[in-house]
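Working notes, structure below.
Here the chain labels run A, B and C in written order, and each chain numbers its own residues starting at 1.
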Amino acid sequence: MLEELNRLCDRVAGRRNGMHGQDFLLTWDRSLDDLHTVHDVADVLRQLRERNISCRCFDSGLAVSQFRDNSTRTRFSFASAANLLGLAVQDLDEGKSQLSHGETVRETAVMVSFLSEAIGIRDDMYLGAGHAYMLEVAAALDQACREGVLPSRPAIVNLQSDVDHPTQTMADLLHLAHEFGSVSQLRGRKIVMSWAYSPSYGKPLSVPQGVLGLMTRLGMEVVLAHPPGYDLIPSVLERAAAQSRQSGGSFRTTDDLADAFAGADIVYPKSWAPYAVMERRTELLRAGDRQGLADLERECLATNARFADWTCGRALMDTTREGRALYLHCLPADISGVSCEQGEVEAEVFEQYREPLYRQAGYKPYVIAAMILCSRFRDPAALLRNLARRAAPRLLG
Amino acid sequence: MLEELNRLCDRVAGRRNGMHGQDFLLTWDRSLDDLHTVHDVADVLRQLRERNISCRCFDSGLAVSQFRDNSTRTRFSFASAANLLGLAVQDLDEGKSQLSHGETVRETAVMVSFLSEAIGIRDDMYLGAGHAYMLEVAAALDQACREGVLPSRPAIVNLQSDVDHPTQTMADLLHLAHEFGSVSQLRGRKIVMSWAYSPSYGKPLSVPQGVLGLMTRLGMEVVLAHPPGYDLIPSVLERAAAQSRQSGGSFRTTDDLADAFAGADIVYPKSWAPYAVMERRTELLRAGDRQGLADLERECLATNARFADWTCGRALMDTTREGRALYLHCLPADISGVSCEQGEVEAEVFEQYREPLYRQAGYKPYVIAAMILCSRFRDPAALLRNLARRAAPRLLG
Amino acid sequence: MLEELNRLCDRVAGRRNGMHGQDFLLTWDRSLDDLHTVHDVADVLRQLRERNISCRCFDSGLAVSQFRDNSTRTRFSFASAANLLGLAVQDLDEGKSQLSHGETVRETAVMVSFLSEAIGIRDDMYLGAGHAYMLEVAAALDQACREGVLPSRPAIVNLQSDVDHPTQTMADLLHLAHEFGSVSQLRGRKIVMSWAYSPSYGKPLSVPQGVLGLMTRLGMEVVLAHPPGYDLIPSVLERAAAQSRQSGGSFRTTDDLADAFAGADIVYPKSWAPYAVMERRTELLRAGDRQGLADLERECLATNARFADWTCGRALMDTTREGRALYLHCLPADISGVSCEQGEVEAEVFEQYREPLYRQAGYKPYVIAAMILCSRFRDPAALLRNLARRAAPRLLG
């Protein structure tokens, strides 16, 4: 075990930490080296904790959480990560519908940051807004640091925007690395990000976009499958194509679910709303047009219903490599006959993969903790070795 | 003082800790030895804190709180207990009216538990639901531990269910032990759990049921007094009868308040709703039948009003042993002329016992802390001695 | 740096700490020595933190926060202060509209305090209620301590009442002390507390009252400027007059904004509601008279509009001493053309002072921490020296 820790710390020490003083908003803003470092740090933190060694590297400090959309899983992941490192969570609750702009954003960002070390933000409801909001907060913090108003720069962690969901996809990738042996073992593997039917509508685009934006960098065969019209943000698709070329992998889009699943190593079937619908929805939400929103929902559900056979069933799974592709989901899934009549996945398939799915979710707190740590500490390897050497017990013996 | 600490630790060390890895849902699930250990551990923690010795035995970890009904006292008791041991509270707020079932419960239970050490749950609104919900969460955690999904098993603490309210009754009993010298001094004493009039309706059954379920195990003369119709869950009454026989005490029910109070050592007059009403109310709540709920409330208040003389007044108190039975209440009480026109207790009686009542409430944080500690640590005596030896100051000098 | 720390600690040590075991409700309840001590302790805490030295003097303990009105800035300041000292924040949320009285206040105050070290209260909506409520809580805690129900007395910190806003004005004064060199350098300076136009109505009186109540004690030339009718609580004005005489300063009221600003060293232009309006508003709020509240608002906005030229613009600022008076605001300000069409201050003036304004806000967490510390520790200087000597790192190296 100690050797494994040492090996991971050596790897971290061997890379320049490009995340120091930076935010974690989009995986494609970070180098592959940085992504590997996040994973290695997450693994070290998990192993330290499992060996009853304290990971507390902050004696005090706030971790601000701002959820502009509901959340249970990510809320607890963020709270667990903050607590693991020694930070106290303080919610910034501005009311879910209020979108503040301009001076208000700048001022609030500074006011909550005087003694804060991290700010986790979920803002995924409005297309074109979430990522932009995070950039606005980031610019305010940068300015306040330059002006000497803030003693230090809290790290912003994107807990889901309209563009990306990096804490989810980085946990997914860590899961894959553990299942397949390492990230490099993923080279050449076929991963399918596919749309799936759900009786609800309007699910964010951040997970499929984030999966494409991350997995196309690893030399994988990435396939995006969805019915006609269920497009994602075009610039993300362009990036995915460019990245796959650069990484020696491939990327294609299909509307043939069977073709997509055939021989796949990994499948990620999940519902989302069409990009064009999200744009209309954003306008209607901004206008407070309830009737328009109701009409849009009815129209979309009708369209969705035409693709109710886009579900992840046993027969489809049997067509994957050796009939045993790894099934991924960010949870909660719409499970046919369990959480809804007809949904994204058959109950039998979900149950078969429930245990690895839960394990996948269990990486998220450590991934978030690693993101905070790598932003706030210049030399993560030295810090982790310090923690291991100190070996303060997490539970008193 | 040190000697007293040693004596309590010796007692704890002399008993097998049957609570390790277990939840605290019903007092009658636990051996008398375990109950004594909870009290001794609570007393040690209180004494350590009063001697300015840190009780922090967790360096990190979440204490999840899920309140499906309003709470101030218990919320602060749980928060204080968690904080005393070194845990950070994180609320799980699913909306008060939403009752989740099946996969959702299992999944959520796991998702909030990856780095959690304790889960406190209040769920007392629906008859047949609260305790069942806690068992469902417990089963999910057990399974996740077996599967290796969770690194350790958080302790569930029942902060009030439809069946029992163990943190309340265990604090009550610790109070009695201190007032009467020890738990064994309670043998043969007469304790009256009586219904009392209140202008509100629909108060949970968990306190009277919990009092019967606990006090009948101690060789006491237990009397349950209520007007006709104000029944409790039948199985709890059967258990109370069986336990009183086994413990060498007695248990009877009466609808004669004067007879109940005569010569009593301890009285616990408190309002509750009839079992049958709670069953109807549960159905109406589930059906979302507002009119039905309003009708039921009106009907019940009319019934209640017929027993407005079931109040704890001076004259009644004068009939207790030497006119000075110990008055108990879980608070807040409906005090005639103070918090309502006519209520459970006369202002003069309440005021006479206010100080001991507040002291009684003050035991609850320590009882909860002891429950968490005994579940998460195999050898509580060794841990407490460790804390005493370490003697880290709670307040820096 | 170390010398500066030593100098501050020496100063603190040289004064009797009159705040030990006391609450911080009104600045004029505290001696000037105590106010200086709060500032010195705040400065030491800030310097310790900036030198990466832990200020944690509580190993456990709750900091209860009760916000009966919305708050972001003060909420985060209180949370940061509590966290800096080692306390965990627990919200007491009774619903914003519910005003509890009598037994309920006494009982709740005790129930949340068993393991608590501080209680921060904001209650500024109802004239005649906020300060009275804090006194009621204080009396309950005193009684519970005398009776031995509470092991120790939590410190109440006024986070804004109907009368004073001491955490704000003490942060303002610390800011002034740093800008002008020291508090004694303020002697003879002209400070203007002036009303300013805002498109909203009903802003509390606590800031202008608090500024008068504090600054008149320092030998300053204090000018209160407002349009006819925009009066403050009369007793506060009387106190301000008496204090200014005693301190060798002056105090006058004018309805001539130009006269007020002429030659001023410091200006604090801010909107508030007339005292008489707040009295009527309080009655209407209590009566739940929505129509009456709407009528009052319309009437007041019409009156306000007559004084829309009471705004802090460049031309007015040019008339201050050397055209460069220090501009203060408790934030958020109504900025013309930014947060509203026409407001308290011109955008250009606000932007010029934004950096010092944000720095001003940054003192609040340290001021609150100092208030808690001085109430809970008899000898703050000894404690601070202890922290410096211990030199536990805040961030692990």
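The criterion applied here is as follows: a residue touches a chain if its C-beta (ideal position, glycine included) is under 8 Å from a C-beta of that chain, and two chains touch if they have at least 3 such contacts.
Keep in mind it's a predicted model, so treat the numbers as computed, not measured.
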{"item": "Labels of chains that are neighbours to subunit A and to subunit B", "value": "C"}
{"item": "Chain copies touching (subunit A, subunit C) - same or different residues, decided at half shared", "value": "different"}
{"item": "Averaged-CA centre spacing for the pair subunit C and subunit A, given as whole angstrom", "value": "41"}
{"item": "Residues of subunit C engaged with two or more neighbouring chains", "value": "56, 88"}
{"item": "Contacting residues of subunit A [partner subunit B, same complex]", "value": "49-50, 54-56, 72-73, 75-77, 79-80, 83-84, 86, 88-89, 331-332, 335, 338-339, 355, 358-359, 361-362, 365, 392-397"}
{"item": "Residue ranges of subunit C in contact with subunit B within the complex", "value": "56-62, 64, 88, 90, 92, 94, 102-104, 107-108, 110-112, 114-116, 144, 147-151, 376-377, 382-383, 386-387, 390"}
